Amino acid sequence: MSTRVAESPASLADPDELALGLPESYLSAGGTLGSWLTSTDHKRIAILYALSVTLFFFIGGAAATLVRLELFTPQADLVGADTYNKLFTLHGVIMVWFFLIPSIPTTFGNFLLPLMIGARDLAFPKLNLASWYLNVIGGLITATAVLAGGIDTGWTFYVPYSTTFSNTAVTIGVLGVFVSGFSTIATGVNFIATTHLLRAPGMTWFRLPLFVWAMYTTSIIFVLATPVLALTIILVVAERSLGLPIFDPAKGGDPILFQHLFWFYSHPAVYIMLLPGMGIVSEVITCFARRRIFGYDFMVYALVAIAVIGFFTWGHHMFTSGMSPYAALIFSFLSFVVAVPSAIKVFNWTATLYRGQVGFESPMLYVLGYIGLFTVGGLTGLFLASIPIDVHVQDTYFVVAHFHYIMVGATVSAYFAGLHFWWPKFTGRMYPETWAKFAAVLMFFGFNLTFFPQFIAGYLGMPRRYHVYPPEFQVWNVLSSSGAAVLAAAYLMPLGYLTWSLFFGARAVNDPWNASGLEWRTTSPPPRVNFFGRPAVLAKPYNYHPEGAAPLHDEPRIPSQGSLT
Amino acid sequence: MTDPAIATEAPLHAEFLREPWDGLGLPQEEALSYQRFGATFGIWIFIASEVLFFGALFLFYAAVRAEHAEAFATAARETNIVYGTLNTAILLTSGLSAAAASLASEHVPLRRLTQWCLVATATLGLAFLAVKGMEYRDDIAEHLVPGRGFKLPEPSAQLFFGFYWLSTGIHGVHLTVGIGLVARLIWIGWRHPERLPGNPQVEVTMLYWGFVDMVWLFLYPALYLVGRPG
Amino acid sequence: MSAPVSAGAVWRRVLPVWLGLMALLAVACALAYAPLGPWTAAVSFGIATTQAALVALLFMRLIEASALIRLTAACGLFWSAILFTLTFADVLSRLTRS
Amino acid sequence: MGSLMPAWLMPVAASTHAAKVDRIFIGLTLVSAAIVLLVVGLVVTFAIRFRRGSNADRGPLPEVVSREFEIGWTAATLFVFVFIFWWAASAEIGAFSPPKDALEVHVVGKQWMWKTQASNGAREINELHVPVGVPVRLVLTSQDVIHSFYIPAFRLKRDAVPDQTTEAWFQATKTGTFQLMCTEYCGTDHARMLGRVIVMEPQDYAAWLSAQPEGDDLAHQGERLFSEKGCSGCHAPGSTVHAPNLAGIWGQAVQLDGGKLATVDAAYVRDSILQPKRDVVAGYAPVMPSYERLLSDGEIQELTAYIRSLGAGPREVRTPGVPPLSSRVPGAQSERSPAMVPGAPVADTPSPAGPVVRP
């Protein structure tokens, strides 16, 4: 192996670095399928998760493509009403529960959390493996619902439509989500226990990288919000399949109570999708600006504040539902409050660039795109927190555009930023940088072309979940569908060049970005036990320059962050 | 960070020590005690999660009861308070044996006591399910299953029994899982007696058992003590 | 607290708790029939809370657990409180409106 | 302020509320645009000026600057956001309750159509005729799943929830035909659950109303039901059963058993019919049986309208051009929507809103 590196002129490797006769990497410790499917190594489980979420991403993406194609014209010319309804439900259910929620925590979180805090593995490795199986089984159950005729309730499963009126495979679909909920809770328990108990010597709470903080706060939401969804699903199944009256309005049940329970989970779930992306952005932006993060303490407080206050705001999904207007005012106020810590994060990322040595490698391009898209998504959130505007745009394309800016524009950009940033660490290979930069730029423009017109269509009054629509909205839908084609190409591109790099990419050195985190203080890819010896931490994270001094051009990292024993 | 209550004279079994706790560079005794704390912490996080699960269930109960107080009182009078009270007593007693098992498992000389307490816990759990089964049989005979031919005329009384069947069912599933976990410990104690004392799984299982007990303590007044004075 | 070493010591710790729990159960059952009007629910759930607290603190040994574990348990209660308070802010104001 | 946005980016504004919403929307858009420009401007400027290897000055930042900046922009954002909340919330609070003299329209949503019944007798399907400049109070309910009644031109949206009533109100400021849509997903033909709201000059509305076949008046229907369903057996003045007389109680506060007070309104009447034992008026025995399942939602609305017509409560409607109740005779109901009739084949294109036409 080492000889090949030495021969390769493209490699940045110091030939000595890999020629030390070190233990084999986690990738080469057993190559059989069985060795992967029974592995309790957090890094291998992360790879398993990466494969399954990628599969679900493309299933959900295929449904979205059909939806956008259908909306190209105002008439129903591609699919009929029922098929369309099943397509957007499939898109929502798969993307929310089998891509967005597990995406960053179970792949990057699983792989990096122990590495970043200097641990050998997560606290409960067997539970970690079990969580992957639960996630895949849940996904397969939900996919079975598609084979059994599909689900047409929308991902929100509102009663009484889902319990008494829909004739589709709702029960199977929600049971899949229920099973995947166990997987989510297991991951949350694991991450919280790991962060508390397995930090390396010297890794105090305020020396944790922000990505670890993001995983920790996300896990709190995992553990405390998911059970409410699980119970809500049981209530729906009990009413639909066991015939117990639960929300049945004819018997005095309250459908609005379902919405409270559902959004108590599903609003914090938005922060499950958001916080991990914020963690990745903080890691990448410091590395490519060669600066310490601006206001580390405030970044931590902001993460915690978003995670906690995020639980207080669910009612803004229900302003038109017939909820009491007094409760609506409370929820409106709390929704404005939760926007403050998000704004602080944007300002701090911006300020981190100031007086830096900014490089434009592909992870950084994704992150710069993230900041723009997140700002637009966050500010349109203020529109939706204002009751009079929300009443007008609730359940229109304005809402669709808003949450896609947050959950797709921002979070998926962060996902790709992380993928490009840590790809050398995961696989030990470098990808073609030009292609990666091109995909990043294409993704940004494709995304805006797809979703910005939807803000306008929504304010003009185009409702969501319409497969036929009044013809005056066609111009916005044509723009949006064209953008979706560009976006689809941009999402497929990394699949191609990253796969190529697995076989033909240059070997990666241990720390190709000259980054500061502990995860770079081991080989690429890391060995089964993660580190050679016990890492110790001596300083705050993002130690790109001495405190109070300016970063110099390509200054080598000062070697106090972690030591290789 | 080690818990004083579990840093005891429990025997050291190298086989209890798992990855990644064996790689912390701690002496074996300390590593084992730290791992045990980790297991306890883990199950408590899970219990906090379960609190929200049952919290949502009780929220449903409270909101519907606030709206239909009368119908709930009428309907709750139909539940069988004898079975309910008997089952509460059974579960409280199982909580006693579970707590005793958890305390005793920390000492090698109390191995037999641990084993017997585990057996008592599982038996009481099964007794609870048996009483519950008899109660279900009576309820079905009295047409207390919501739907056609329901005993009471008010539609919202059916909501109460919707909650009754659902909540006792969910609690029963939790209890069955608990009995399974205890049975596993009994099996370990029977086949490998030396693996019972000091095993972190005893405390974890007993904490879960205690939580299932607590849920029933709230279900009891919610289902059986409503509308009795009338 | 020092850990008990004999079977007697174990029982001395848990039996009084059990007796207390059974006594509270008897009180709850009896008071359910007392004509307390709207206080019935408050009394029966108050007793249930006391019993649950006894189980959590003494059977599940929360009383001697580390601060971290107590904090974890408190989080479960705090988040349930959020769920109840904000949902009831809506449910109660809708009820009194009609 | 309205001139700040090109007209093709804004939907028609045809109600008093629409103008307020648009003002807040434009204000928020300006604030947001400023913030986006600031953030993007700073990111681009910093990224270019401090690009790797540039000659920009990179002196160290004093620690105190960082702390003051953090506190400064946290306070500033909080201030801006709370201000926007106050602005939006005060507009909302001002619109909480409809004016007392509003025309009342009952809306029932069902898969996949809207049925409207005005208190002056007009019944329509997928259409709603209203006079311009007159406040209209909507009382919504649904017969099956949750629907949402959405008129973009009025910036109005309210869910119709089965077996519950929700309320909303508007006052049209422009005549013309406006789109009505369902925005809560309700099944197969959700996208075709469309209708039209036709706003007319008061005199045109009066003419339209008088051209309607008579006798489908809500209150008269209710009067018929009142005797058919046996209500009059107990509630009539000469009855032997001790039951409250319903004349003149609309809008009044009544003393309940247990000391509470209740106001007689649509929700109270509905509860008293469906759950008579819940809130019994002081001094009466709880002898009334529940009419749950014996009366449809529409029938309850008709009974409510009748009880209301018995007593001049504070919300009594005086609509221009409506003949007094006593002059109208009961008769067969008629449905006369030209837009959509249940059972009729549904075209693949939804009916467009059409241009704004002055009648």
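Letters A, B, C and D mark the chains as written, and numbering starts fresh at 1 in each.
Definition applied: contacts are C-beta pairs under 8 Å (C-beta built on N, C-alpha and C of every residue); 3 or more make two chains touch, one makes a residue touch a chain.
Chain labels with UniProt names: A = Cytochrome c oxidase subunit 1; B = Cytochrome c oxidase subunit 3; C = Oxidase; D = cytochrome-c oxidase.
Since we're looking at a predicted model, the values are computed, not measured.
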Chains touching both subunit A and subunit B:
C, D
Which chain pair shares more contacting C-beta pairs: A-C, or B-D?
A-C
So which chain ends up closest to the centre of the protein, judged by Cα positions averaged per chain?
A
Provide the C-alpha centroid distance between subunit A and subunit C, rounded to the nearest whole angstrom.
38
Averaging over Cα atoms per chain, report the distance between subunit B and subunit D in Å.
48
Approximately how many whole Å separate the CA-defined centres of subunit B and subunit C?
14
So, what's the distance in Å between the C-alpha centres of subunit D and subunit C?
44
Each of the following residues of subunit B touches two or more other chains, namely 1, 37, 41, 45, 48-50, 52, 55-56, 59, 63, 67, 155-156
Contacts with two or more other chains, residues of subunit C listed in rising order:
68, 75-76, 79, 83, 87, 91, 97
Residues of subunit A touching 2+ other chains?
196, 224, 228, 250, 252, 254, 256-257, 260, 264, 322
Subunit C residues touching subunit A in their complex are 68, 75-76, 79, 82-83, 86-87, 89-91, 93-94, 97
Quick one: which bits of subunit A touch subunit B in the complex? Just the residue numbers, please.
40, 114, 119-125, 127, 185, 188-190, 192-193, 196-198, 223-228, 230-232, 234-235, 238-239, 242-246, 248, 250-254, 257, 260-261, 264, 529, 534
Sites on subunit A touched by subunit D in the complex
74-76, 81-82, 85, 152-154, 156, 158, 160-161, 165-166, 249-250, 252, 254-256, 289-290, 294-295, 298, 320-322, 325, 328-329, 332-333, 336-337, 339-340, 343-344, 346-348, 350-351, 353-360, 368, 371-372, 375-376, 379-380, 382-383, 385-389, 391-392, 394-396, 456, 459-461, 463-472, 548-551, 553-554
Can you list the residues on subunit D that touch subunit B in the complex?
275, 277-278, 290, 292-293
Subunit B residues touching subunit A in their complex are 1, 18-20, 23-25, 34, 37-38, 41-42, 45-46, 48-50, 52-57, 59-60, 63-64, 67-68, 71, 146-147, 155-156, 158-159, 161-163, 165-166, 170
